[in-house]
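Next come two complexes built around chain A: one with chain B, the other with chain C.
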Partner chain A sequence: MSAVEYLDLLLKALLLAGVYAAMAVGMTVVYGVMKIVNLAHAGFLMLGAYFAFELFNRFHINPVLGAVLAIPVFFLFGMLVHWVLVRWLPKSDTPTLASLLLMFGFWLVLQNFAYAIWGNEDQSILIPSLNLSAVHIGDTISLPKDKLVVFAAAVFCMVVLQIIFHRSWFGRSMRALIQNPYGAQIVGVDDQRTARLTFGLGTAFAGFAGALLGILLSFNPDFGRPFLLRSFVIIVLGGLESVSGVALGAVVLAILETFCTVIPFPWYHQGWKTYYLPPSYQPVVPFVLLVVVLVIMPKGLAGLFNRKWKTA
Partner chain B sequence: MRGTLTFVGKHIRRNMIVAMAFGGIITLCTGSGRAVAADDTIKIGVVLPTTGSESKPGQYQKEGIELAIKQINDGGGIMVKSKGKKLKIEEVFYDDSTDSKKSASLVERAMSSDSVVAVLGGYSTALGTAESVMADRYKTPWITTGAGATAIFSKGYQYAFGSLSPVALIGTTSAEFLGSLVDQGKLKKGLKVAIVVENTDHGTDYVNGFNEWNNKHKGYFEVVMNEKFELGATDFSSILQRVKGSHADIFLSDAHLPDYITMQRQYLQNGLHHQMISYGARGPEANARQALGAGTDYIFAGIWWSNKLPYPQAKKFAADYKAFTGHDVDSWYAAPAYDGMRIVAQAIEKAGSLDKTAIRDALKKAELTDSVLPGQKLKFAANGQSEYPFVITQNKPDNKVDIVYPKDAATGDPVAPIPNK
Partner chain C sequence: MTRPSGIGGWLKLVLPWLLFVALLLLPVTSPSDNILRLLFLTAVYTTAGLGWNLLGGMTGQVSFGFAVFFGLGAYTTALLMHAGHSPYFGFIGGAAIAMLASFFIGLPTFRLRGPYFVIATIGVTEAVRVIMNNLDVTGGASGYRISEDKPFSALEHYYTAIIAVALAVLVSTIIANSKFGLALRAIKQDQDAAADLGVNPYTSKLWIHAIAAGLTGIAGGIYARRAGFFYPGDVFAFQTGIYILLMPVIGGIGTIWGPVLGGIIFVIVEEQISVNFPNFHLLIYGLLLIIIILLEPDGLLGLLRRLFRLFPRRPAKTELAGDAG
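Take a look at the complex of A and B:
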């Protein structure tokens, strides 16, 4: 492969990182504040895709606009889910079995709800000018337009979230609860209200990401399952509670997944030969990464950098 | 507060006792009803995914089986000599949710506690492989209508049968078809081929089939790339980059429907073009054409059945299916399931009893001479797998599909090489 082809792959990996970041950020926010591993996140992603699909099919609303419209709708939906279900969970500093089971059960409910409404057909949103075309730079580099849109949306998500985190009262409450939930309550942070808003925010980002993923991929009520493991890896890699860590985690995972099968490495077997990792081994990458990160740097990349900066 | 809770608790307890009593009565009634039904009907287990990632083909296969059952029952049922009368078929359906472990345990339940005389199902290869081990364990005939991997039938099972031709034959027929295009002068000899298949027995068989033909016909094609990918992948950038780098003239893949849609979408976005493209048994599915529009034009597929087949029984099946389900028959899924049920019915009638070993023996000799499948004949080889020819279809613009190979079943000419828009 030539240098330009590697550059093409690098750009595609960055676009893929945008997709990964968009799908993981909502889960991170919920984990950070509430210490809930939100397995229903996959269900919210799936509902987001159907939300954009229905708007597109019935009212011819562009799915990108559909994704934006998903934000307030899913925010309210998330707050409702919190009010009805999540707030009854026992408070804990660590993820509890009760929260895992509740969110897993709720995911199954959402899935079956979707089966009842939309059936088991694979659906897709076709806009040829968006999801069948690409921006070509020279003969070698091609950047899919749909992934460019998702990337831009993911960057937008991160920026908005960072602004909320650092510039608003709500963001300060969230950060306080992430850092020290008891201390935060002592100084007057309303933990229930913040948790409700956080769950709404996490669900809103999931709905937004799901609507965008619906442009990239075909979907059915089981949609979201493959993203769950990657979301886990990304938030573990990013440091579980760090939004900037999510971006970093997404980039690392996307680059490793993309390049692991195209980087030749020398192998000695009756003389030196060049060997490529078979693409069928690609799914191993997230698992290996998950184990390595948990063993070597349990606080993730963000934790590692923080430690380095503090040492410096 | 405590008083209220005590009252609620007592109330719930009383209701539970009443509910359990009712439940017991209902169970007893149902149990006795079943005992009567078991004598008057032939219980056939059907284990297919109607939820999960394979729900769509699973649903179509279920519909094919149910159409056959309806037609048999409308005709009075199956004559069972030992009972001296015709018995109707009772379907016992289980949804395996596209989960191989659940699939195997449901087959086990059907064969052991639900006392079916045969089980149909097993879509796709992964689920069929998990189910196949149960047949000999419970000495109950098991007919897979959706798993075509040769590995299932190479283990010496005596009660396992399959109404799908071997997947390897898709690869062989695809190579044969491409070879015929070379012979016609539409493609040049010595073209380079890149093969990228799913990492399953299905994919492996496809490659083996292609290579078998290619090794026997030297000089036609040179395989320059042969790789496997993760089932259900969301990004194919790196593998498509390697396809691009291989400078192949022909791109062959073997993929399930969601992977076909995702990969072909990214193939188009990458600006790739080959003289011929195939995704194995995928190509003409309505959902793929809805997802990709003109992006699926000229893709060819090796499939087990097409509604374009010129046989009268195939046309009748397509019409009956539409009347039964309310929708057109989409792709090949329903046909092998329909014939799978019909050949089981024939075997039960020939066995003359509901003895499972007698039905197994009859299945080994059964031959459906009015099959809706290519070749119009369905029977099982010594290993239990059926072997009938594939048809090659090619998508044409405006959502048209033609059978382009073999010639005697062709409804249109193959377009080769694919025009570069």
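Take a look at the complex of A and C:
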């Protein structure tokens, strides 16, 4: 492969990273504030895709607009879920058995609802002007328009989140709870209210990212599961509680997933030869990355940098 | 073991044996094939559920990845039988491979604090299924067939499963009453405090994970031998992992008889659901999980205990006399 082709792939990987970051960031804030591993995140992703799908099919609303509309709807839905289910969980510094099983049960319920309503066929949102056209740069580099639009939407929302995170009262109380839950409560942060809003925010981002993924890929009620693991890998890479770490983790995962099948690796089988990873093994990449990260740098990439800054 | 006191204590000691003997003698009444099949399934699933319970219930480490051990047990048994070994050797081999796999998950994750283990268990099911779907040795996604050179005997399968579940109960009881079991419970309550008292949380978790995996591997092997045909989308499915975890949760997490009770109920419910509501499996299991976690975290055994407490027995006089003396 030529250098330009690699560049083409690299650009596509970066475009993918945008959606991945939007997908994982909701999980990070929920984990950071409440120390809950939100397994229902996969269900919210799936519902987000179907939300955009229904809006597009019934009202012919552009799915990108649909993804933006998903934010307020899923925000309210998330707050409702928190009010009905999540707030009854005992508080803890580490994920508890109860929280895991509860969110898992809720994911199963969401999945079954989707099966009951939409059946188990794969659905997709197809718009020729979006899905089938591309922006060409030179001869080999072509960037599909849907990926560009989705990337722009994801990055825009991440920027908005960063502003909320650093400039608003709610964002500051969220960060305070992430850093030190007891200290935050002592200085007057309402942890129940912040937790409710945070869960809403996490769900909103899940719905938004799910709708964006629905533009790029076909989906069925079991849509969220592979992305659940990817979200985990990204937030572990990012150090579990850091929003900027998520962006970094998303880039690393997207690049690895894109390049894993085109980079030759040497293997001994009747003499040294170079092999390529068969594309069917690509879904294993996130898991292998997870294990490698846990062994080498359990605090994630961000933790690696933090340590260096602290010693410096 | 504590010495039994009162009628309740003696019942607790005798009932398991009565149950075991009853199950062994059951074929005398020549039950229908379906009853034998249901009891077989109950025993197999309960064995795996008891395994999960050792790790999830006693030690407090939730795993969503027990399907991996179940599937590895199934495939190892099948491959060993294909190579001409006895199926019983195959079960042991399946347990050994499952234990090895458990170290692969546990070694990198148990060192760390936080949700890493749970996350890894979700990933490993996906990863292993993808690999098995593409592996030529085992026929990839089209599955694997076990053929034995003798007529199918429902009774032999039944007895194998009953012995396996008895083994699982025995192992659980021994662990629960040992120093190791105390260490595990200490880890569940407070890992730091346990470490201060000289328990090594890392190695304890690794070993209990291995034992749990071994039991689940045996269950997988026994299941595979009776099924005769299985494929990665079946034994390595995420669903299988859910089923294994549901039984202890239904019955009562962390108890020994909870998973057994949960297993019996699970198989009955599963049969009823697949007949009456084939499209609502996940909904029913999901709601069950939510209701149990929010309302009765100790499962059915907890509920029973609470019901008994509504009708308190008169305090036994001998105990009071003992206090005074």
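Rule of thumb we're sticking to: the second predicted complex is superposed on the first by the 295 of 312 C-alpha atoms of A that agree within 3 Å, B and C clash if a C-alpha of one lies under 4 Å from a C-alpha of the other, contacts with A are read in each partner's own complex, and residues count from 1 in each chain.
By our rule, a contact is a pair of C-beta atoms (placed from the backbone, for glycine too) under 8 Å apart; a residue touches a chain by one contact, two chains touch by 3 or more.
All figures in this text were calculated on a predicted structure; none of them were measured in a lab.
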{"item": "Partners on chain A (chain B, chain C) - clash or fit", "value": "clash"}
{"item": "First (chain B), second (chain C), both or neither touched by A:P278", "value": "both"}
{"item": "First (chain B), second (chain C), both or neither touched by A:V236", "value": "second"}
{"item": "Chain B versus chain C as contact partner of A:F170, first or second or both or neither", "value": "neither"}
{"item": "Partner chain in contact with A:L294 - chain B first, chain C second, else both or neither", "value": "second"}
{"item": "Chain B versus chain C as contact partner of A:P226, first or second or both or neither", "value": "both"}
{"item": "Partner chain in contact with A:Y115 - chain B first, chain C second, else both or neither", "value": "both"}
{"item": "Which of chain B and chain C A:W83 touches, first, second, both or neither", "value": "neither"}
{"item": "Chain C-contacting residues of chain A that also contact chain B", "value": "111-112, 115, 226, 278, 280, 283"}
{"item": "Chain B-touching residues of chain A, taken from the complex the two chains share", "value": "1, 5, 8-9, 12-13, 16, 19, 111-112, 115, 120-124, 126, 128, 131-134, 136, 142, 144-146, 216-218, 220-222, 226-227, 257-262, 276, 278-280, 282-283"}
{"item": "Contact footprint of chain A on chain B as seen in their complex", "value": "50-53, 55-56, 58-59, 98, 196, 199, 227-230, 232-235, 237-239, 241-242, 244-245, 257-258, 261-262, 265-266, 268-271, 287, 290-295"}
{"item": "Contact set on chain C toward chain A in their complex", "value": "56, 60, 62, 64, 108-109, 111-116, 118-120, 122-124, 126-127, 130-131, 133-134, 238, 242, 245, 249, 253, 279-283, 285-290, 293-294, 297"}
{"item": "Residues of chain A touching chain C in the complex", "value": "31, 37, 39, 85, 88, 94-95, 97-98, 100-102, 104-113, 115-116, 225-226, 228-229, 232-233, 236, 240, 278, 280-281, 283-284, 286-288, 290-291, 294-295, 298"}
